[in-house]
Structure formats: C-alpha cells, structure tokens
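Here is the structure we will look at.
Read from first to last, the chains carry the letters A, B and C; within each, the first residue is number 1.
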Amino acid sequence: MTATLSTETRELTYVKAFNEGLAQVMRSDEDVFLAGEDVAGYGGVFHMFDGLLGEFGSRRVVDTPISEAALVGMGVGAAARGLRPVVDLMFMDFLAVCLDQVVNQAAKMKYMFGGAVSVPLTITTASGAGLGAAAQHSQSLEAWLAHVPGLKVCMPATAYDAKGLIVAAVRDDNPVVVMLNKVLLGARDVVPAEIYEVPLGAARVVRQGEDVTIVALGRMVTEAVRAAEELAGAGVRAEVIDLRTVQPLDMTTVLDSVRRTNRVLVVHEAVTFGGIGAEIAAQVQDEAFDYLDAPVLRIGAPFAPVPFSPVLERAYVPDAARIVAGCRRLLERG
Amino acid sequence: MTTVIGEQVEVEVLRDLHERMVRIRLFETEAGRLMEAGRLPGFLHLYVGQEAVAAGVMSTLADTDQITSTHRGHGHAVAKGANLREMYAELFGKVTGYCHGHGGSMHINDLSIGMLGANGIVGAGIPIAVGAAFASAYRDDGGVAVAFFGDGASNIGTFHEAANLAAVLRLPVVLVCENNGYAEFTAQANHMLLADVADRAAAYGMPGEVVDGMDVVAVHLAAKRAVTRAREGGGPTLVEAKTYRYYDHQGVKGLRIQYRTQEEIDAWKARDPIDAAEARMIERGDSSRAELDAVWQRVREEIAEAIAFAEASSDPDPNTDLLRDVYTGTNA
Amino acid sequence: MATEILLPKLGLTMQEGTIEEWVATPGATIRPGDVLLRVGTDKVDVDVEAEAEGVFQPVVDAGVTLEPGTLIGWLLGDGEQIPGASGPEPRRFVSPNARRVASTLGVDVAAVRGTGPNGRVVSEDVEEFAAAERPAGPPVDVNRAGPLVRRYAKEHGVDLADVTGTGPGGRVRRADVEQVAAAPGTVLPLTGMRGTIAERMHASLREMAQLTHGYEVGMDAVVDLRERLKAEWAGTDLPVPSLNDFVVRAAALALTEHPLLNATIRDGAVHLLPDVHMGLAVAVPDGLLVPVIRDAATRSLTGLTAVTRELAGAARNGTLKLHQLEGATFVVTSLGSYGVDMFTPIVYPGNVAILGVGRLRDGVRWEGETPRRTRVLTLSLSFDHRGVDGAPAAEYLRSVDRLLQQPLRLLAN
C-alpha cells in the first residue's frame, strides 16, 4: 500500500512505472482487462502498455476499432456487470468524441439507478502540451471532468504516482480518469517494486515553506519545484503542493498551507479561465478569506487553443519563470 | 418481413407472451392517465402499441441475460419482469422506487433481472449492452445481452460504433431496433434513405432481419434465433421490428403536433398486437374470452395495488437522500 | 486661503505623535490661538493652537499616530474646498489576513502603513507595527482570548497570563477576566504617563548598552560658597542656587568639554549635538517629568537657577508646555533628597548619558595622619557603551568634579 513496505526500489521512468502498476493490478485481479486502440499489438502509442498482450493474452488486452464512444460504453457495460475495465483514450482530446459515455453514462449511472450499480471503470489517457502536437492532441481537460459528479480524476506528476495512482484507480469502485502527461513519460523517480496505491484525494506537500503556497497540477509540479528552488535563493520559502487528484480535491491540505503562508498561487497547464485554479481560488476565499494577504493568483494557459509552433507553444505553457514572477507579485512589499 | 401468428409456438408460450403484453398495456395506460391528470412529476415516453416487441424478445431471455433500454423503456422493464410497485413508485419520485427518486422514468433498472437500465440519451445504451455482452464472453457464463433502440437511434454514432465493435469482437449481443416510423416527430423517410434499418447490418458483417413488430410470435421467433446465435458464439444480429406507438412521442396526446394522420394511426391500431394475439388464441382454442378477461382483471388489480403503494410511499428526504449514491464509497 | 495644519514637531527627538483628540469641531470657524487638537507624545499631552484662521477641517481621525509634519487638517476660507480633494478619499486597502491579525493583536489598522501592492496593508505590516508598539511582554496567544476580552483585560490591568480560561478549549471569557480583576490586590495599569514611562525606559534598556560609573566628588567649596551667597544675597531677589543647580551647571559646562556625551545615536552613527539642552528629572505625584533647560551651557548659574525653579514649579502644577519638555540632550536626575547615594539612572531614549546626583553627606579627608571632616556626594553617570567607552565617561566625571571644586568658575558667565 505504501512505499514504507517496499523491499526493493529502483528508478523507473514514468511510463514504465505506469506499465508496471497496470500489469501488477491485472495480475492481482482477474476481472481487470484493458481495451483501446492499439493497446495490444502495438503496446500503446506511448508504450504505456508494452508487454501486456504477451503476458495476459488477447482476452484481457483487447485492440478495438477507433470507436471511442463504443469503447467507453463497452467499459461502462462491462463495469456495471462487475468487471474492472481499463479503457484507453490515447489522447485526452478524444474525450470529446465519447463525452456522453463518460459524463452521462459512467458518471451518473450509480446515482440515476438509485445506487443499484457501481461502475469501476478506469479511463487512461495522455494529456498536456509540449510535444508540438497542436490543438487536438495537447489539451488538459481535467476541469471538464472534475465538474461532473460521479467521476474521479487524477493527474500523476511523478513516476511513483503514475504507478500508485493507476493501481488505486483500477481498484476504485467508481469511474476514474487517469491523465498521464506526455512530457513526463520519460521522467524518472524512485519506484517500489511491489504493488502499491496512492490514495485518490490526498495531495502531497512536495516542499515545505512558510512564505507562499504553490498548488500545482501534473507537469506543473516540476515547474513549481524549480520555481521554489529559485525563490529559495532569494530567501523566499515557497511551499509546493502536488494535488495529485482534482476530483476528489484535497482542499484540507491546501487550506492548511494557506492559513500558514497567507498567499497562494495555483498553476496548471489548462487555460486559466474556468480551470481548477478558479475552483481552488473560490474555495480558499470561502474557507480562508481572513487568512489572505493577497488575492489568490492563478497561472495557466491563455484563452487560446494549444498552438503548434514550438515558439508559440513555449509561450503558451506556464513555466517556472512565470511561477516565480507570480510569487513575487504575491509577496511584493514596498 | 416474417409474419407468423400462433402456429409455431406452444400454448404456454403464447399465454406468457399475451400476459406480458397485457401487463405493459395496462401499466402504460395507467401511467399515461396519471401523467395527464398531473399526478406524476416530469414526463413519460409511453410504449403503448409496441408491446409485442418487448414481450417477444424478453420471452427468449433469462434473468441472467442483460438488456439496455431507451427513454421509452417501461415496456422493456415490465416484460423483463420488473416489480410494478417499484416502477410506479419511481414514476412518482418516491423513495421506495427503483432509483429511490434519483432517476424517474428514464432510469428504471433492475440488475437482479438483467435490466441494465433505461437511458435518457438516444443510442447510449447500445455500447453498454455490448459491454455487458463482453462481460459474459469474458466470463464465458453463457449470457446474452440485448440492446433496444429506435429507428432514430440507428443514425447516431454509438449504434454504428457499437455494432461494428460487437461484430469485430464477436460478442453475444442482439441489437433490436424498434422501428416505430418516427424519430420523435420526424418520419423515417425524412431521417434515412433506407426502408429497412436491418439493411445496416450488412455494413458490419452481421445478419439483419426484419420482423413484424405487431406480431408477438414473429418477434419471439426472430429473437429466439438471434439470441441462440449469440449464445452459441455466432456474434451479433440486428433485428428490426416494424411497430407503431399509439401515443405521442411524449405523454399521451403530447404536444398535439400534427405529424401523423388519423388514418395512419387507425390502420396500425387495426393491427393491434394484443387483439391479434387474443383472436388467434381464441381461434386456436388455446384460451376462452373469459380466461383472457381474467388475465386483464388480475393484472388490473395488480396495477391498482402497485399505484396505491406508490402513492402512499414517502418522498425522499433531502437531508439524507439528495447526496447519497453519487459515489461508491466516499469521494474524499 | 486654505492653510495646512501639520502635526507639529515638538522638539528635536520627537519622531511621532498621536492625535489624542480633535478639540475643535469640524466645520467650526477658528481664530488664531484657538485650541485645535491635543497631541500626545512619549512625554506629555499638549494642546496645539491654531496659527491662522479659517473653517477647520481635519483629514485624519483622532487616535492615529503620525510623523511630525504630516498634514492632519485644513483651515479653509469661506466655501473653500480642501485643495486637491477632487474625489472621495482614496480607498485604503487592507488584506483580510491583516485585518484578522490586527484584530487579534488589538492593532488599529488605520495607524498601520501598508507596504503591499498599491499600499495594501498586509499582515506583516500589522505584525511589525505591533512589535514596534509593544516591545514588552510575551507573545500574545491570539487564540486564547478574543479581541474584546483582550481589550477589557487591558483596560482593567489584568494580564491574560494570570487568567484561567473557562471557555471552550480554555478560551478566556470576559467573566474570567472580571473574576481576576475583582480579586484582592491593587492593580495599577501601565497606561497614560505610567505607560509612557514603562515603554520609554524599557525601550532604552533594550536599545542601549548601558553601564554606570559611581564617582565621589568633594562639595566643600560649593557648600562654602553657597553659605556665603545665602548670607550676601539675603534681601535681594537674586536666587541662591541649590546644590543641584551647581551640579547642573557643572555638568553642562563639562559637556562642552566632552561633546561625546552630548550626543544621540541613530542610523548606526553617533551624532554630536551642537547645543546642550539639559533635562531635569522632576518627580510628580503620578510619575516623572523631564523639563528642559535649553542652552544650559550658556546660562549663568543664577539664570539657570531661575529657570530650574520655574520649570520645577510648572512640572508640579501640571502647566508645562510641550516645548519645555522636548529636546533634552542630557539629563540630570537627583535622588539626594531621598537619601540615595549611588544609583543607576536609565539613559533617556535619544541621549547617550544621564547624570544621577546623590545625597550630600559627610566624608573624610586624610591630611597626613589627621582625619578631616569633608562634604561629598556621589555622582552616578549612566552612559551608552555603544558610543561612549568607560574612560571618556570617567574623564567627564573628573571634569564635573574639577568644576565643583572651583565653584567661582561656575558662578561666572
């Protein structure tokens, strides 16, 4: 369950850690199967599923047509019948072509049915910009999903979490979307060899500080840590929180931190407008208004589709420099 | 189109089909009466006229076989054996209903009898049935899944995606298109150029069969062939039942939009599936009029009791029922 | 024509003043000499009079503490508007956290200067303000009592540390404070002059590296001269100087020889002051006042004596003006009449030394093997070691001693 039980740790890449977690949870539970486009023979376009067909066979690792709505719907039906499907949407942008099955079927089935059914469905997908994949292959749509009661959404920021969160997601009795980040696929981290879960809804304090809180999602956690290091050189002690999941949203950890630092910045790759940052800002002012020395600052992408040109894309995605500048703005004193 | 009345089924099967249809007819006419009287919240899509399809298909399924239904789903639930008390209670939005007041008409479900739910989104149940079929194949439990949908739904992506996926994976699923001639208020001729939805089966490499949806025995026999094929590993079949709804798209008289002629309605009513079945049963000597009347009377009493139960039931409590069952376990 | 009303700078060392009260009514027509407001400094409350005429219009609230020279109001001509006041007063921005911290620390945010963006007051401003205002005491446990209870306790001189809280989680309720306040024992709250003395004295000890030299001086010559003056000046209106006056005169003259002791330390430097303004500590019923003899080094002994008498009288009658209380560069304090020989006076904030005068007493001087009765007293010089070392301090005392041995020199102008 936790790393403390680990007997063996070694460094793995994010994608290998994810792959290992999925393989282990499939080994541990015969009801888990994987379906999606090119997940079997090809092993997933990002090699997320390498080797799974060989180990588990075509009954449990299923290539499907390019039919996202049918794929997710099949996952919903199989989950309602007690299996634990893992269906892969390849790019998160493709969520839009099967949104009904995610939002109106998977998410609501339990409630609509008066609790008579559970939908232990896991949807994996690759999100995020930074690879020159342009507007239809680069989005971070966590805010869409987090807005829907019944769904859970996680955004692993490290290899450790990529493994722990896929295991937790598959074992959860609710529909869970696991948003892998494409830029992080090769990022290394110490990863225990045995199976473990990272609990859904428990943010991680990556770095402690007293002066300002940086709440980060997904790849922005790395940028936030870089920013905190730079700020430390200037005597500013920034606390960095990796939310890990956006639904459920661990506001307890965020609020505890804000009440200590009195200043908070939220950073995500998604466009700022209507993003998770807005939700966090609203909850912070609801719950900790009297602890704020500055307005909650949001840093995200501008209100435009993800651009293709590397120059434009770099300008689009938030980075450590923007986080540092944001913190300085929060801490500015004359 | 296959039309066969009475000849090829046992008397017990015919009586069973008849009673299923009577239950649906009375359930729906009473539900329509309650709705028109303003005693039910929300709105209903009623199944009157299409009884032979639900009864004919459901008579070929066991409780372990799954169906997914549509916005016009009462008939499927009743024919599958759902509890009438819990159905009415749900229509009233009562806490004793199938969904404890969370779902209403379009989300009635009963997993214990293989009823995987009505659905408010056109076409959405089709891939879910494919998923149920996948689960049966995965477990090799011999189960079959049936997806009900209308002619209108045969134009939505999920139908095509799910049909293709089921065919590719050779899953034990039967796709039952209830072609009542209208996608809401749009006649079939205006929403597709094919005369038969069943022709679409060819596109996915599966058999397609058209059956008279006003002939309960014909539906029963067609469904039996398709279900057997699925159960034996032959993959999916598309069965199109030509039928007609007597009421409007929604409610009984609905919005009173003139999109169908009275002549058309009368012509279909002249082929009423229950009347036709009863005429054959009497003609064959399977049942007397009195025996058939006794069936109606028994079902009427059952329905009156179910409505009384529903009306006497409590409303859900906002303090305890509003937020329950959003998640399995907690979301924190 | 509109005339500005500025917070007056009442003496050299005044760094800030509090508007205790607006005496004049806003909108009232004021004539020169009318009292406008009462200003409190660390030393005394003073009435400030109008220097011009016009319709009085304050621009700050009573209770604020400001630097001298700050615009605090206007005297306007008929129908005249406040110059530059085209719109409503600019909004004062205070962060929610600053308000919360101010409330728990009992700080009036209106008095706090904002350093955040657009001049926003942030919690650090409040904390720094509170730390400067209230250097003493243990940190306040902000969770232990609400602001109202804290204020009630302060008004009744009750230390919250002495109160057992009976509210939820040990919170102190007003009833708890009332119980302690009603308990036997007299409570003398550190407010008003007492509070100012407490604050100033503690600030002095906190800021400076203080130490005291005790130095016995022979007073035979002064005593003898004084006897002669008493006899010769009897019947004239010449004031006979007291022993203390001789010491003050000697101390002032000696300062001209030792300017290091007539100085102030600020901004990391010792600033030698050009003039000697001698403060005289005078005990009054509820505390202590330090009226100032301006230019003490240039006054004759008799002139100095006359001023001393006037100031001491005014101090005891409570009629000292603020200008008479401001600007001491050095202080002499005497406890001789109380029988004290040696003590450790505390240097006044802004000074580098203070001279304590002990009891006139009999001493012994050995002439060969023969003891001779002599008259002596002990001077106690406290000084700030940051600016003055032990040796120069002793040199100064030796100069004072020398002057007291040659009192005719003191008598001369």
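Of note:
Just so we're on the same page, contacts are C-beta pairs under 8 Å (C-beta built on N, C-alpha and C of every residue); 3 or more make two chains touch, one makes a residue touch a chain.
Model, not experiment: these values are computed from the prediction.
Central chain (C-alpha centroid nearest the global protein C-alpha centroid): A. The most distant chain from chain A is C, comparing centres defined as mean Cα coordinates.
Between the chains A-B lie more C-beta contact pairs than between any other two chains. Centre-to-centre separation of chain B and chain C, using mean CA positions: 95 Å.
A straight line joining the Cα centres of chain A and chain B is 40 Å long.
As a whole-number value, the distance joining the C-alpha centres of chain A and chain C reads 64 Å.
Shared interface positions of chain C, i.e. residues touching 2 or more other chains, are not present. For chain A in complex with chain C, the residues that touch the partner chain are 262, 289-294, 329, 332-334. Residue ranges of chain A in contact with chain B, taken from their complex: 33, 59, 62, 64-65, 67-83, 85, 100-101, 104-105, 109-118, 120, 149-150, 152, 172-174, 201, 247-248.
Note for the complex: chain C touches chain A at residues 95-100, 115-117, 119-120, 122-124.
The residues of chain B lying in touch with chain A in their complex are 66, 68, 90, 97-103, 107, 109-111, 116-117, 119-121, 124, 126-136, 138, 145, 157-158, 161-162, 164-165, 168-169, 324-329, 331-332.
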